[in-house]
Amino acid sequence: MYEMGVVYRNITRADGDVARKLGALGTATVHEAQGRTGLLKPYMRPIYAGAQVSGTAVTVLLHPGDNWMLHVVAEHIRPGDIVIAAVTADCTDGYFGELLATSFKARGAAGLVIDAGVRDVRVLTEMKFPVWCKAISAKGTVKASLGSVNIPVVCAGALVTPGDIVVADDDGVVVVPAASAQKTLETAAAREASEGEKRAKLAAGVLGLDMYNMREPLQKAGLKYID
Amino acid sequence: MYEMGVVYRNITRADGDVARKLGALGTATVHEAQGRTGLLKPYMRPIYAGAQVSGTAVTVLLHPGDNWMLHVVAEHIRPGDIVIAAVTADCTDGYFGELLATSFKARGAAGLVIDAGVRDVRVLTEMKFPVWCKAISAKGTVKASLGSVNIPVVCAGALVTPGDIVVADDDGVVVVPAASAQKTLETAAAREASEGEKRAKLAAGVLGLDMYNMREPLQKAGLKYID
Amino acid sequence: MYEMGVVYRNITRADGDVARKLGALGTATVHEAQGRTGLLKPYMRPIYAGAQVSGTAVTVLLHPGDNWMLHVVAEHIRPGDIVIAAVTADCTDGYFGELLATSFKARGAAGLVIDAGVRDVRVLTEMKFPVWCKAISAKGTVKASLGSVNIPVVCAGALVTPGDIVVADDDGVVVVPAASAQKTLETAAAREASEGEKRAKLAAGVLGLDMYNMREPLQKAGLKYID
Amino acid sequence: MYEMGVVYRNITRADGDVARKLGALGTATVHEAQGRTGLLKPYMRPIYAGAQVSGTAVTVLLHPGDNWMLHVVAEHIRPGDIVIAAVTADCTDGYFGELLATSFKARGAAGLVIDAGVRDVRVLTEMKFPVWCKAISAKGTVKASLGSVNIPVVCAGALVTPGDIVVADDDGVVVVPAASAQKTLETAAAREASEGEKRAKLAAGVLGLDMYNMREPLQKAGLKYID
Amino acid sequence: MYEMGVVYRNITRADGDVARKLGALGTATVHEAQGRTGLLKPYMRPIYAGAQVSGTAVTVLLHPGDNWMLHVVAEHIRPGDIVIAAVTADCTDGYFGELLATSFKARGAAGLVIDAGVRDVRVLTEMKFPVWCKAISAKGTVKASLGSVNIPVVCAGALVTPGDIVVADDDGVVVVPAASAQKTLETAAAREASEGEKRAKLAAGVLGLDMYNMREPLQKAGLKYID
Amino acid sequence: MYEMGVVYRNITRADGDVARKLGALGTATVHEAQGRTGLLKPYMRPIYAGAQVSGTAVTVLLHPGDNWMLHVVAEHIRPGDIVIAAVTADCTDGYFGELLATSFKARGAAGLVIDAGVRDVRVLTEMKFPVWCKAISAKGTVKASLGSVNIPVVCAGALVTPGDIVVADDDGVVVVPAASAQKTLETAAAREASEGEKRAKLAAGVLGLDMYNMREPLQKAGLKYID
């Protein structure tokens, strides 16, 4: 399925400004705005609370227990990119730590999303380098097998194409295809705009039942109240 | 097993004062006081460290990927209630976020225990609205299927009857049946009272072996010391 | 496999000074220094962020749902020891809480590593008593079956012999056999010494590809760049 | 939550004839007939393919690693009963093997449903004694702690009251409350009766889209066909 | 990420003859032949031992607990197709049983691969309708939400494009992109051809060490023999 | 913890006759006979029902995704040996298939126990080569990193020393240290001898309660009967 041993040097990145605006809206709103799709599996968690970032995807495909390609991908990071790392089989090893974070940061990376483990999490937290991963492990890796850079990858159950927009926060990680990013932003912003008014009503004690006009459909569906 | 599509409007809540006192004693003590029963599965975790609450249960039964009934249950929350949400099949979707939390809080809910996922956890944490759940996920839900409100439900392996007392903290969630709440409180309080003295002895270097007179039973059981 | 019902009173502890120095280097460095071995499974997590400790192992073998032997092992703790608790079958019960922590601390224990659950985590955190475990659970345990103290045990997939050095931090838990501790320390220290320079280079924008001379081996392995 | 250390000698069993008929309809049909409720978690699997049974529930509550109460419950089995065994905490130990199966069979038990492990599965298979469980494990258990017999229990996420009907086959285990068993049987039988005709139509190439008149609702919901 | 509510009626299927030949070679050989990629996660298991099939993919995207689109996809099955069903969130419900299998079979489907649960497995086995899935569950589903048919989907971690070749047997499920199917077949066939001779040598007692000339590279890598 | 890159050519094997006799008694009896220890985690399952074997352990330590050392260990197999394969981190890849099985069988191996995945399970089943493993996966492995042969390893949670006796059947895998094998055999045989009489009594309807004289200790423990 995957093309192996190749590095695509030129990719078309989605608009960084759209990425920033989607990031401000957050994963839940963006995920809803694109029809409840694009979310990575919920086992992907930030290494520290409050981590929040958005940017353009550069992708890398790794082998289990082998982080060689993380050094290869570093060269192709541009400011504002988020590295999306997929692995060809389930693995919890610690592929990424302080040194690679230092290098990624120097290249301008905004964060890392890796379907595997990382280490040096105390230092990464101090560096404020945000990482979403499925495990934390001191287990190191070898540098022996070729994967690929900037091919489309499946990361934690979601397809990520290089240049896509990635939004990540405490609620998880969402991928927004470059082609539909502008439209998703508009839908998400509209959704967000309507939330303030709703929040105020609900805070005042208005019920969602009334605000969303649910009483009639509930009755039609057959809901019975028993005193 | 479950009665579907019904909302019981009138439930008998356990004494709120007993709920408060049990909350002060904490889940571990309460759980021991009722014969080591009533604990929800340990995969139920608070969304922020230090969350601690007790109250009376209002229950809701949900379908996978469908949070319609959370709007229905909101109407039946009274100040001091904790909403206990069960799902008919395993699901990690984010059923509950900022808007529902605003509504629940306005109704006086003390917290939420849900055998599924929630989202907007950064905002929920800022609101200090405590939630115990099995997943965090930006994945939204539909509003299509009827469940029930205030029927007995199995939540994370424990039977919860509406009106029961719920105690939740960093160690998990315990259910105390309304009928035995007073007796459980007395046992728990007595247990707690004896702990201060024990703590002092242990802090002074006395061994549990001596304080609990374990040396003889250990010897009888055949424990051998080898130098 | 295990000798049951025995307590070895005299064990030979590794050098406490070596333990301290290994602790300062951290689990990732120590794990690499001994050939990427000795790591406990990554499901072992600290109960609070920033927990960090090293010391000499005293071991205890427990049965599922039974913490009797934790009282037995307490008597054999010396200042600087870390208690390593293994269980004969998978169990998430809360074997250890405030009272035992008070006792262990009074005996000089530096921490606990247990392949099971603990409780009272808020209090343990306030006490700054570091624990690595696989679950948090209010579920208590009985005191009915004999295990053993200071026999070699398999804890979370790693063999721990009494007196071995244990290093634990946010990245996990590593065991260093007493016999090879001095050598591992030297290798780890050398590794650490070289990291400062590397970090500086990477921070300045030098690529790992160049710093580690990876371009040639990557080319030999067949990596293709596509523009 | 659970009453501990009690054995209820007299329970009211649902009609054995209804149990037999529900068994013939199978778990999927019965589960649908009671509004898609009553199913135990799908991790409960038969120890051999083709196992299929129905009967009336006698319940037993066990502690982790302790099978004492299985000997107590044996005395209360009547011909046609299925033993439903719940455990107070997750445990995979092998609670049940050849000897207990011989005893249960002699008492007339139709099968066992246990939210834990069993052993001697080759012999149990030869005996054609059907068991649904969550693990197979040679690990034995102790006989030290009291549980209860014939109290309502939560088994694999479902509430089972003594005397309820249990239907189990390759697709899982469903509980039917005694009170609604007759009505569930009627609904299930009607459902089954309509399936033969549907099967014939579908086998002849008629589409579910047409047989169930789904084309219009799909169009209303907005489904678009693209050539 | 996914286009929702659309059905692509015209897809280009890979050559059925190539699919048949790849099927005869088996998943392990095919997976190796395309550079160890294209394998679905190993939790995907056949519902009966010996299931073995290959064909062209028609894809369907489902929502958790909702099998409506399985009726929609049925219309687009052609003889020799394998239905690949993905779900937008983790779900173990039984989406597929006897009736749908009857319909799929009547349409000429060669099998089903579904990242969720199925039911009626005894009947499906008797029908010899092969299914690979992640769970078996009597739990039924609703028909309420639109997904899509014949869009690219991520199923159990692998990207499947409509028309791709799918090979499935006891070892799992592999996807072969239509574009590279012929080349993968050649590589796989060559690999297979060389295996007979190897098998004969190994059966005669020749060691892989010698047959693959591994002794020198092992020595270079530093392997030490100790008597 | 592990010595890496070494092969111990000379190991002392336990008595093959004792291994055969322990095998005939089965894992459950042997496990009980050595104080309920020595069992590998219950996730280790045979690839076909009815697999049953015993023999002497030769051990091999592997890296994730790398099966090079399986070729190295093959040279050290003697008739009656069982290969015990441990991995330095969790991995489900298919390390072992038809070719290696052919080689192992030619060397006289009685079976394989591997804490990872295998493939070609249909062929292995036809060959009647018994394997216990934690996954089945077509995913192949590389040959790049050195592990070790015939060092003590932790496999699925149990310590295995080269030359130990391994007993495996449908209930799991048990390790018996060479030093205590004769004593364990005697205890196990005595246990087995007493089972026939017990079985006959239980089959005749005698209760375990009476046969084991449990009524008095149950009463002492406080069990209450309620009519």
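Order of writing sets the labels: A, B, C, D, E and F. Residues in every chain begin at 1.
Basically, contacts are C-beta pairs under 8 Å (C-beta built on N, C-alpha and C of every residue); 3 or more make two chains touch, one makes a residue touch a chain.
Computed from a prediction, not measured in an experiment: that's the story for all the values here.
*Asks:* What chains touch subunit A and also subunit B?
*Replies:* Common neighbours, subunit A/subunit B: C, E.
*Asks:* When subunit C meets its copy subunit F, do both sides use mostly the same residue numbers (more than half shared) or mostly different ones?
*Replies:* Mostly same residues: over half of the interface numbers shared.
*Asks:* So the centre of each chain is just the mean of its C-alpha atoms; given that, what is the distance between subunit D and subunit E in Å?
*Replies:* Once rounded, the distance between the two centres reads 31 Å.
*Asks:* Using mean CA coordinates as chain centres, what's the gap between subunit A and subunit E in Å?
*Replies:* Computed value for the inter-centroid distance: 27 Å.
*Asks:* Distance-wise, how many Å sit between the C-alpha centres of subunit C and subunit E, to the nearest whole number?
*Replies:* Once rounded, the distance between the two centres reads 41 Å.
*Asks:* Indicate the residues of subunit E shared as contacts by at least two other chains.
*Replies:* 36, 39, 88-90, 92, 137, 139, in rising order.
*Asks:* What are all the chain pairs that meet the touch criterion?
*Replies:* Here the touching chain pairs work out to A-B, A-C, A-E, A-F, B-C, B-D, B-E, C-D, C-F, D-E, D-F, E-F.
*Asks:* Would you pull the subunit C residues touching subunit A in the complex into a rising list?
*Replies:* 26-28, 31-32, 36, 39, 42, 45, 49-50, 52, 169-172, 174, 195, 198-199, 202-205, 207-209, 212, 214, 218, 221-227
*Asks:* Write out the stretch or stretches of subunit E touching subunit B in their complex.
*Replies:* 63-66, 88-93, 137, 139, 142, 144-145
*Asks:* So in the complex, which bits of subunit B are touching subunit D?
*Replies:* Within the complex, subunit B contacts subunit D at residues 1-2, 4, 34-38, 41, 88-90, 152, 154, 157-159, 175-177.
*Asks:* Subunit D touches which residues of subunit E in the complex?
*Replies:* 5-10, 48, 68, 71-72, 74-75, 92, 94, 97-100, 102-103, 105-107, 117, 119-122, 125, 135-140, 143, 146
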